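Per-chain residue numbering starts at 1, and chain names A, B, C, D and E are given in the order in which the chains are listed.
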Amino acid sequence: MKKQTSRAVLVVVALAFILPLMIILLWSVTVSWPFPDLFPREFGLRGLAQIFEEGSRALESLYTSVKISLWVTILTLMITIPGGKALGIYDFPGKAFIKIFALAPLIISPVAIGMGIHSTFIRLGLTNTELGVVLIHIVPGIPYGIRIFTNIFELVGNQLEEQGKVLGANSFQVFFHITLPTILPGLISAGSMIFIISFSQYFLTFLIGGGSVITFPLMMVPYIQSGDRTMAASYSAVFIVVTLCGLLAIEKVLKLYYSKSSGIAGAFYTRKKVKS
Amino acid sequence: MFGVKKTQLTPYIYLLPVISILLFVFTLGLVMSIFQSIGVHGDSGFENLTVEYYREVFRSGGFRSGLFFSLRVSLISTGIAVIIGVGLAYLLVMQQREWKILQILLKLPIIVPHLVAAFIIFTLFSQSGILARIGVLLGLMEHPREFPGLIFDRQGVGVILAYVWKGTPFIFLIVYQVLRSIHGEMVEAARNLGAKGKDLFFEIFLPLSIPSVFSTFIILFAFSFGSYEIPFLLGPTSPRALPVLAYVEYIHPDWMNRPYAMAMNMVLAGISVFLVWLYHWVFKKFRRHNWEGRSR
Amino acid sequence: MSEILFDRISKHYDKEETIKNLTLKIEDGEIISLLGPSGCGKTTTLKILAGLVNPDFGTVYMDGINVNPLPAEKRGAVIVFQDHRLFPHMTVGGNIEFGLRMQKVPKRTRREKVEEMLKFMELEEHGGKFPDQISGGQKQRAAIARSLIINPKVLLLDEPFSNLDQRLKEEMRSFIVEIQKKLKITTILVTHDKEDALMTSKKIGVMFQGELKQYGTPEELYEEPSSIEVAKFFGEVNEFSIDHEDEHRIHTYLGAFNKTRLSMKRGVYYSKLLVRPEAVEIYYEEHSENMISGLVMERIYAGEKTYYSILCGERILKASVVGNCHWNEGQRVFLKIEGKNTMLVK
Amino acid sequence: GGHEDETKFNLEEMTWEEILEEAEGSEVRFYGWGGDQAINDWLNGFLAERILEQYGIILEWVPMNIDEILNKLQGEKQGNAVGTADMIWINGENFYTAKTNELLYGPFTEVLPNFVAYIDSEDVEVRYDFGFPTEGFEAPYGKAQFVMIYDEAQTPDPPVNHEEFLTYAKQYPGELTFPAPPDFTGSAFIRNLIYDIVGYEQFIGMEADEEVVREAIAPAIDYFKELKPYLWRSGETYPATIAQLENMFSDGEVRMVMAYNSNLVSQRISSGIFPETSTSVIFEKGTIGNGHFIAIPFNSPNKAGALVAINEILSVEVQSSKYDPENWGDLPVLNNDKLSQDERAVFNSVELGKGALPQDVLLENRLPEVPAPLVPIIDRIWMENLLD
Amino acid sequence: MSEILFDRISKHYDKEETIKNLTLKIEDGEIISLLGPSGCGKTTTLKILAGLVNPDFGTVYMDGINVNPLPAEKRGAVIVFQDHRLFPHMTVGGNIEFGLRMQKVPKRTRREKVEEMLKFMELEEHGGKFPDQISGGQKQRAAIARSLIINPKVLLLDEPFSNLDQRLKEEMRSFIVEIQKKLKITTILVTHDKEDALMTSKKIGVMFQGELKQYGTPEELYEEPSSIEVAKFFGEVNEFSIDHEDEHRIHTYLGAFNKTRLSMKRGVYYSKLLVRPEAVEIYYEEHSENMISGLVMERIYAGEKTYYSILCGERILKASVVGNCHWNEGQRVFLKIEGKNTMLVK
């Protein structure tokens, strides 16, 4: 009986967090929804139609957004995997300091950093370019990457890599055939987190992108600020769905890639795979 | 001999890319912000070095009440998020099933940007929001003004609600992973030694998950303490949260206001760093006392 | 301090039956071993007794009382897990104190008992350390201390030695035997090491795939195994089919053996004769009747003894001789097997 | 280096034909507030298509708040960088800041054939923006006038001066409010009430001195203090943005919303956001009107294109299309006297939507804005007195 | 297929010296064991040879060539780790194939070789399974297969048996001996189990705290240990101080022992006499001279043998007797120790 109570509590509380999202879905197809109606009075597709109309700016910005976020994800992973490995496996002077330093962007808001670096970026010609936007997006993702990979390397160590080496794999082979697949779960969760952070960046994007780099949040935020709920909700709904798809895609692609890469014999023998 | 050098250098080589980016973008950005806040502009050099901006920031009453408001709202919202998040994680870990669906759904608030979260909270809790409408339906009220003013209120209830909504799933996910790894073995051992439901939670789950709860707390706290979107949209007209004050100064079209914005940002960052350090310190103390105390 | 009865217990996970109709009685104050290969259900049996796993069928009795409905914390059957499972966030002292704290024993009493237990376990100096600051043997002792302090009715040791190296293991083994003798706690020792089982226990149960194959004294199990599997579990055996038997003797192609009272049961039909390597004696000459001639195929020196593989007819016989004996490979030797050192199985 | 010539683009030396030629096939980036779907659609649709058709210029509309745009320009100025914006939508205080900080290119209006043809360059609303001389650094884009919006079904007899407003507030306590400054619309509403209480004339040319302003608006501050307890949430707090107030109005939480766009109401009604019976009202003494403008940033990479695009925006076709509430409903800036008969007919044929006041009624009751530097001072005084 | 020489190798981690001036030569095609307590530096030694750890000083030679500058992947010295380290994301087949894939061997050849290796290792049925779906023994075999397939010059086995249960361990042990004989790969077996070392190797090295204490044949190590530590490593010993010696005999308080040629070296001063439990013979009566009278204190049955603790004067002597002997506790017995079964150490 107690178990049932706790299950009920669990479900109710969880729903309390999930159900508010339905508001977004409802509003995105709502024309009018006055007080005290519990459900919209009139439905319409004004918002979604605008986003999905042919040649729409929204879709274009969506493409830019996905492109930038994927680059950010890849680059951030590329720098935080070795960083996390160094912190997770080796002992060396200055480790404690670097650990804290790498987490600093969590504590000091990237907004302040962005404001500070703006003039430097201008001088270097990085503003108004996708490269500049990608570069600035990397910063808030670093702490997550470093944290996750440090933990995972502390856990898995470098035993499998050593094994790979003695079996004749060179450093590249070891990295692609062994390191990456063994940290796959961390890769997915860090990748997702970095993608989310980059994909929802507004302030840093407009600051550094200066309007030449128009990402989806740049289109969405004015609507949210203007209070046009139908438009805001439509954009938000698309935003959420695309993010989810992005995350799923990251996960699926990585998993697929590594189930394939486990060797010809791996693939060859997989069909015999037995469920344990 | 070469080999020895190589092994000693390896970790630094691995760290080089990430540290370079951090130094180039993060540290440089921070230093530039500090420069701007003490009156050093692009071309003017160090001539008009001044702490006047800081002095003025501290002098203003809005700053002090804003600081207090920000601290209170961040602490309360993060605290609530931690309690609910840990509770949820505990309840889920005690179930036989994993409830993958529930886990996936609970991830959704994490991917919702803060602005959208503010929008959702507004639609739910404003005086004509969904809850008020349910109130009408139940015959508890008739007019919006009878519904308690949760949004724009002085206590920052709306802001807290939004942060709780965003933060709880984050805490939940991280703590759940930890708890699940604890679950099997340690719980069996503790039950076997006579621990029951409540004991399990307070003796095993909580202490073992404390480090990750703690670091998640810091992340969330620092985030809510430093961001402006939610308090700007859901907070009271006065007092204004600190990041909102800084933001308003920053977007002020007159460039002359920028040093104030930077000064406020630096004060914000300084306070964050200090609080994180303080919390860290207290946490360590607490841990030593609590755990070693039991050994005697 | 409790008599235990497993009464026709069954348990399955998923589709597989992990425990099959297990019936097992343990006398009050006795120490027994459960032996069996990995995955045969030993740990599960302990968990069922401790109340951490509920059986699908059957009843567990402690002192004649059905304890099926009792939750784990009320049974007083404490497991010391193989991987010790010390709580990493508590000191050694805190770990040992844990059970008492759960029972809401007053602080002062608790402290006294912990001190006493630390002394008893020779851990006085380590009470304030955390588990990751002490050695493997100390961890194991701390885990045992943590269980003993709450005066368990039954002590369940789940492979307590398997993570220790040889010397520590021997130390711990005699330590446990000692404690058990002193405190007279009903104890079940789970192991997959024959020596552990043979040297510590009053009785041994051998499990295979969820079934209790044989239950008896160490001597019974070693000398009168009920099946080849059980016999093999206690060491290598030479296996011979029985050709036929007459009143006094059993005939195999190796020759005839005297029937001994010890190993024969009336009305049972035996099909195999088993001989352990150490029961095979090797001589230069055929000095008595019933000796078998053979050719040394292989000699493996193992310090305390030397192993030989000897070709007799078409069969290879395994023999072991204490000390460093020098029958060489290729040498012709004569083997003698005493009837009383043989075993018969169905 | 290589962009130097572009930024120092010399207008005097070019004929309009040369400018057209230069602009052809180029891309023009137009930055401005992007929170309204209808406006965005019009800009991305009608306007962009028209400019592409007529001049082969690609018009890229970039939704971004004006303060953010100015910030960007400030940053670019510090860094000596070529910009990305060619046109910005601007007025008032922001124009004041931009111009005094030399963020704008100009003067350029006299170069535009349509400006010369259709705009009365002597008009105060063209020459001044919030009392600050435009000096040809921005071209008129549209006109707005402050209105208050009520639901006729709820409020058949809306208040038309500050006394009536107070009475009305007392009658329905907790159901009236306005966004707190620095929200643009909320701040304008406060100025409207101030005008209604102390008159507007004294503010024209008033010194930007805090004490002077404080004294001038003292009666109005007293009025606000009297009003405060009857406002929504007893005036303890205010909505942060006009957007939130609009939502509260459409949800029926408050009885009034205001807009700095006289045609907003009809457009909101047709989107289904406001009740059908919504209507706009102005004070009997009039409400503040202002113009909004288009300027060219000092570092625009395509000034020729910007000029061509701005010129086209000043055409009859574009202005009348913009006037149509179906599209936007923004008041045109062309001088009636300079239009031909046919051209006037084009404007008259535009059908005003529900709840909107006709253009002539508005123009008759149009009051000028206070000088830009006074705006933040008034806001600050109001906040000091009415917020804790 | 390689001769190996460790030439004065030293290595320290942090402050501690893990390997101290190690010199060790292994003949081509030989199998040797490294034995020693936990943490003595066995694994480090293997890693130095494999190129995973660089020595601080000294040189490693393979076939006379200094391999210090060669990276791990080019040395052809493959470690099979204790915890097998199968790649969890690859099937067993994929794991075995790995080394060939790294060498870019064509697909068809690879597949053939893998099939062959799977058959050789009796893993045909498990090629498609993932490591977590097979048993411990199978994992160990897969790990060895994975190493063998790339024709290593040196095979390094790091405690390959310690995670296996008794039966599997014996199986694996003879399997490795067999393979080694067949393929003649130079092999180093690291273990902390004396039987493993004694039974498999041509030579054994015993390490303590980074130093190679003794290196020789199994017989040498078991019968002529260079120190008490080494002796103890191969089993319990009874330890006696030497009172004095005359020409033919060594006198201890237990009596005099004949000096044997085997265990004496000229000019060496011995201080202790060591006797292994199995060298102590137990009798009912004093049937010859030089026998010692004692009282049975404890009897522990261990199946194959029985352990006795016997009080002789004030000392407890440990003895072990093959089979289930029935000297009972409290009984008076007589002990005989042959001089040739004793050991002398400094």
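Definition applied: contacts are C-beta pairs under 8 Å (C-beta built on N, C-alpha and C of every residue); 3 or more make two chains touch, one makes a residue touch a chain.
Source: prediction; values computed, not measured.
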| item | value |
| --- | --- |
| Two chains sharing the most C-beta contacts | A-B |
| Geometric centre: closest chain by C-alpha means | A |
| Chain of greatest Cα-centre distance to chain C | D |
| Maximum centroid distance from chain E, chain identifier (CA atoms) | D |
| Separation of mean Cα positions, chain E and chain D [Å, integer] | 90 |
| Rounded Å distance between chain A and chain C, as computed from the means of their C-alpha atoms | 54 |
| Cα-centroid distance, chain C relative to chain D, in whole angstrom | 90 |
| Between chain D and chain A, distance of the C-alpha-averaged centres to the nearest whole Å | 38 |
| Chain C residues counted as touching two or more neighbouring chains | none |
| Sites on chain D at which at least two other chains make contact | 65, 68, 71, 78-79, 241, 244, 247, 251-253 |
| Residues of chain B engaged with two or more neighbouring chains | 42, 128, 144, 250 |
| Residue ranges of chain A in contact with chain E within the complex | 159-160, 162-170, 173, 177-178, 181-182, 184, 258-259, 262-274, 276 |
| Complex interface listing, chain C residues touching chain B | 47, 50-52, 71-73, 77-79, 81, 83, 85, 87-94, 97-99, 101-103, 111, 127-128, 130, 146-147, 150 |
| Contact footprint of chain B on chain D as seen in their complex | 65-68, 70-71, 74, 78-79, 93-94, 97-98, 101, 174-175, 180, 182, 232-233, 236-241, 244, 247-248, 251-253, 383, 387-388 |
| Chain C-touching residues of chain E, taken from the complex the two chains share | 37-38, 135-136, 165-167, 170, 192-195, 198-199, 218-219, 222-223, 234-235, 276, 278-279, 300-305, 307, 322-324, 341 |
| Footprint of chain D on chain B - complex, ascending | 41-43, 122, 126-129, 144-145, 149, 152-154, 232-238, 248, 250-255, 258 |
